[in-house]
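One chain, subunit A, links the two complexes that follow: it is found with subunit B in the first and with subunit C in the second.
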Partner chain A sequence: MRWFLSAFVFCAFVFLVLPVVFIVWVSFFDSVFLTFPPPSYTFKWFVAAAESPVFFNAFTVSLYVAAMSSMLSVCFGAVASIALVRYRFPGRELLNGLLLSPLVIPNIVLGIALYIFFIAIADRFSFDATASNVGIVIAHTMMVLPWSIRLIGANLLGQDVSIEEAASNLGAGKWTVFRRVTFPLMRGGVVAAGLFSFIISFENLELSLLIVSPGRTTLPIALMQYLEFDMDPTIAAVSTIQVVIIAAVLVVTDRFFKLSRIV
Partner chain B sequence: MSNLEIGRRSLLKGAAALTAGAAIAPISSAWAAKEAVMSTWGGDYSRLLGELVQPIATEKYDVTAIFDTGSSSARRTKVLTQAEREVSSIDLMAFTEADMWLLDQKNCVDRFSSAEIPNLANVYKQFQTGYSIPHMYSGMVLVYNEKLVPKPTSYKDLWEKEYAGKIGFANILYRYVLQAAAIAHGGSMTNYEPGYAPLMELKKTDVKILPSNEAVSNAFKSEEIGITLMWRARAYQWKKAGLPLAFTVPSEGALSYVSAAGATRNGANREAAHDFLNSMLDPVAQKGFAENMGYMPTVNNAPIPADLVEKIGFTEEEREKMHGPNFAYQAEQQPKVSKWWDQEFKA
Partner chain C sequence: MVGSGIQGLIGINFLMSNTRRNTLTAATMVLPATVVIVVALVLPTLILLRYSFNQFDPTELMISAFTWENYAEFFSVPYYQSVMMTTLTVALLTTISGVIIAYPVALFLARTTSRFKSLFVILVLFPLLVGNVVRAAGWMTLFGAKGFLNVTMMYLGLIDEPIEMMYTDFSVYVGMLNVMLPFIILTLQGVLESIDYSLTEAAENLGASPFTAFWRVIFPLSMPGIATASILVFILTMNSYSTPVLLGGPRFAMMGPTLYNEITENYNWPFGAALAFILTAVTIIATAISSLYFRRRLKSFTV
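On to the complex of A and B.
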């Protein structure tokens, strides 16, 4: 039984990792076409990706949007999680459902709805969120907020409330209790929420398609658009760079916060 | 702390101001004079618009286009959403001719005259619509590997026994496959019926349905297939990339594809939009697109080199013989065609 379980876990791991391995492998093929085995190997697709201003600009937009939306979602998510986990109030379940609702709405539907909403706002208040990064940051924050709430909330649930009560009994004010006790205890959840939010935002395509402003594009959109007219492994090279960056973020984060304990 | 040191609070304040500024500042004001927002495909298409059309628009009209790139479906949704606004933030749009027809039906497209877009006078008559400019065109030709199959001459040749087991179609081109089959068997662009039964017969010869155009090119590379129906421009790119392919313009006349562009009915920068559309029809830009993308110019004053015509072109006779879509019939038939393809042909 133990042998069977190990084999199953190994197969599942291979199943998950194999597509990434293939992408990295293909990015070195010295051929425009996907034929196995490749005629030879090359770095030229990485050079092409690095020299492309479209990919570079798209990368910076994605980085900016992911950083902003993960930061905002962690801030709002932390506040919402504390309210939902630590307090009982009328409408708590409704609020919980509303905050998690973006999870059950397909991103493309969310994108259309938000686009219509932003246009309505622009008509009434002369502020067009779709003309700048404001719209896409708001949209991505909405999209990743449920993840922050779930991760920070789960972390809070696992904490012993009596420690906070002890601090209060010893004379600490609410802010001091939060700063000195609650926040340090929920730090693991905050880091996990930030990471998940960043990665989900960075790789999002469907929502960004509708909301991204003229003159800008995100990396997933740039990759998809490249494929409309070209078929070489440049996009595999860009994806490999993306995988390496995200892996590096995970490794560095793991040095400071043991990810295995929080996810 | 010395005066030169930056405190944690001021650093945070500065970072917040910077990020807020970056978030709110638009790339460029789409409402300024001589600027126009253009909804378009990204990738090579928007790159070439920037490299080939933009310099002409800048030099002749002092117009700058800001490209809003994305998939056709997302961009169509944006245009439709803004159709009822007093002023749309989108001034220009590039779509397939079918999408442009649909948007015109929904009253989203500006109807212009050749006085507003002078280069329209040079456009081949068969591509003129009154609501859009034809930016470039290509045709659905027979693409084959000379090593594997004999040279075909018509769409109907696909039903000859020497091609059995060697045919592959891109799934996304299903509508065109049916149109070609219909034309080969006495149908037309307003009558697809004669195409259904022959395609079901063809299916028995082990036709391969490949998920994308790229999958078709890979199947040619691995010699899994020997012949397909494909846009000549796309096949030209495959040949440039090293595939040993040849093309035949079918004797029945090729199906045509036109990449169109137009102005939104309620765009804020109508004049700038017209100037940019006129620049797209400029002979220099037209030649540039032919050389780089393999699509033919739609104007009669942009002659391209004979060797390039050989690779991407259609003779005058072949162009005039092309079958352009009847959009109303196509839209009416679409549900039936896609259902038949998915549930019967591919089953």
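On to the complex of A and C.
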């Protein structure tokens, strides 16, 4: 029975990582068409990926959007979490629900709603949010905000309020208490929230699909558009690059905040 | 006595003015986040809701109106109902098979004392964060006509011709299960970790077999976790987009891709908007029914 369970758990782990392992493996195959077993191995698809303007552009857009939206969501999320965790005020529960609501509404519905919303704004105020990265950064900030609030909030809840009270009893002003006590204690949660938001934004497809204009697509969208036609070794190389970036960010995040506490 | 009473009064007074000031501070602090949510979520959703009552016109595209005809169209055209049925079936099967597969893994993660535990958790979380598109590409290298599975089976002489695996129900279910398993495993792990396992020892000391101890003690205690995980994954599957598109192809119609096409290809915003709200409503109703069911199951276990 024990033996059977261990084998089952092992198989489940293999199943989980199987597609990721294969896409990484295939990206080193030295053949234009998928062939098992590969004739030999090469790095040339990574060179091709880096030299492809479509993928390179998409990569920079994704990096920019992920960096901006995670930064904004951490700033807004941090101050909001402090208020939600440390203060008691009317409508707190309701507000908490509202701020976490992006987790509940399907991304594809949100994407469509934003697409229509941006068109309505462009019609009325002649401001096209999709002509630059403004629209997608706002959208991604909204999407990752609940993660910042949850992570930073969980970190704050685990802290002893009496340390802050001791500081203010000893004469520290509100700002000093925040700068010298609260913030240093929050740092782990803030860093984890930033990195996690970065990943969520970087890999998102559904929300971004409609609110990017041609030439400003993100990496997952560029991949998707290619994949709908054919499986190409350059795609495997681009995917591998995405896998490596996310793995690196994940390992760094885990140093600051045990990931088993996030989900 | 009197002194402390007065002090108490002053204290309350002090607290009250403090509360008001606190409310003001708190309000300023939550303001930026609230503005983002209102601008990027509440307003767009309300506009979408309003559009779902407009009329579609082939030349003018959208005419301002207040009509239920978009909602009525969904119920009068059998095609959309069959799409909804497919979506519900995929969601239900993915949820049930997902919980069965995830449970032992979650139990392992919750109970393991290995120093690699953090690594195991990362291993579960990692495929989730790599994104659906990359994983779909991975499945293509396995399922394609020249993919790993077909080549291996032909090499072993199990088959003569490649089997069609891409763009079938099979590829969609496998891909969907792969996407959803991490969510179920991590949710169940959280609940299984909070259970007091000395209870099983007590049960075993009283003569229960290890299996009975698990089935009568641990399993009922983990019921809330199963409920949360199932509901989460059911919602996520109902609303999925990339997995059915990339692994099911155009023939495999689920609600997410259908309403997306309605907006982008047919330019029928009112009907697309109505489909979005019907999908959301069906998801909420199905979720409510299943949470009722779980509550009853929970009662039957505890009685």
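What we mean here is this: the second predicted complex is superposed on the first by the 221 of 263 C-alpha atoms of A that agree within 3 Å, B and C clash if a C-alpha of one lies under 4 Å from a C-alpha of the other, contacts with A are read in each partner's own complex, and residues count from 1 in each chain.
By our rule, a contact is a pair of C-beta atoms (placed from the backbone, for glycine too) under 8 Å apart; a residue touches a chain by one contact, two chains touch by 3 or more.
All figures in this text were calculated on a predicted structure; none of them were measured in a lab.
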Touched partner set for A:V191, first subunit B, second subunit C, both or neither: neither
Which superposed partner A:D123 touches (first subunit B, second subunit C, both, neither): first
Superposition-derived comparison: subunit B or subunit C, residues of subunit A touched: C
Which superposed partner A:I246 touches (first subunit B, second subunit C, both, neither): second
Contacts of A:I199 with subunit B and subunit C, given as first, second, both or neither: second
Touching partner for A:S213 - first (subunit B), second (subunit C), both, neither: first
Touching partner for A:V9 - first (subunit B), second (subunit C), both, neither: second
Which of subunit B and subunit C A:A66 touches, first, second, both or neither: neither
Touched partner set for A:V32, first subunit B, second subunit C, both or neither: first
Subunit B versus subunit C as contact partner of A:M231, first or second or both or neither: both
Footprint overlap on subunit A, where subunit B in one structure and subunit C in the other make contact: 33-35, 112, 115-116, 209-210, 224, 227-228, 231
Residue numbers on subunit B that touch subunit A, as the complex places them: 19, 22-28, 30, 37, 41-47, 66-71, 74, 77-78, 81-82, 85-86, 89-90, 213-214, 217-218, 221-222, 241-243, 293
In the complex with subunit C, residue positions of subunit A that touch it: 1, 5-6, 8-9, 12-13, 15-23, 26, 33-36, 72, 75-77, 79-80, 82-84, 87-90, 92, 95, 98-99, 101-102, 104-110, 112-117, 120, 138-139, 141-142, 145, 149, 199-200, 202-206, 209-210, 220, 223-224, 227-228, 231, 235-236, 239, 242-243, 246-247, 250-251, 254, 258-260, 263
Complex contacts: residues of subunit C adjacent to subunit A: 19, 22-23, 25-27, 29-30, 32-34, 36-37, 39-45, 47-48, 51, 101-102, 104-105, 108-109, 117-118, 120-127, 129-142, 144, 146-148, 151-152, 178, 181-183, 186-187, 189-190, 211, 235, 238-239, 241-242, 245-246, 256, 259-260, 263-264, 269, 272-273, 276, 279-280, 283
Residues of subunit A defined as touching subunit B within the complex: 32-35, 54, 64, 68, 111-112, 115-116, 119, 122-123, 128, 130-134, 137, 209-210, 212-217, 221-222, 224-232
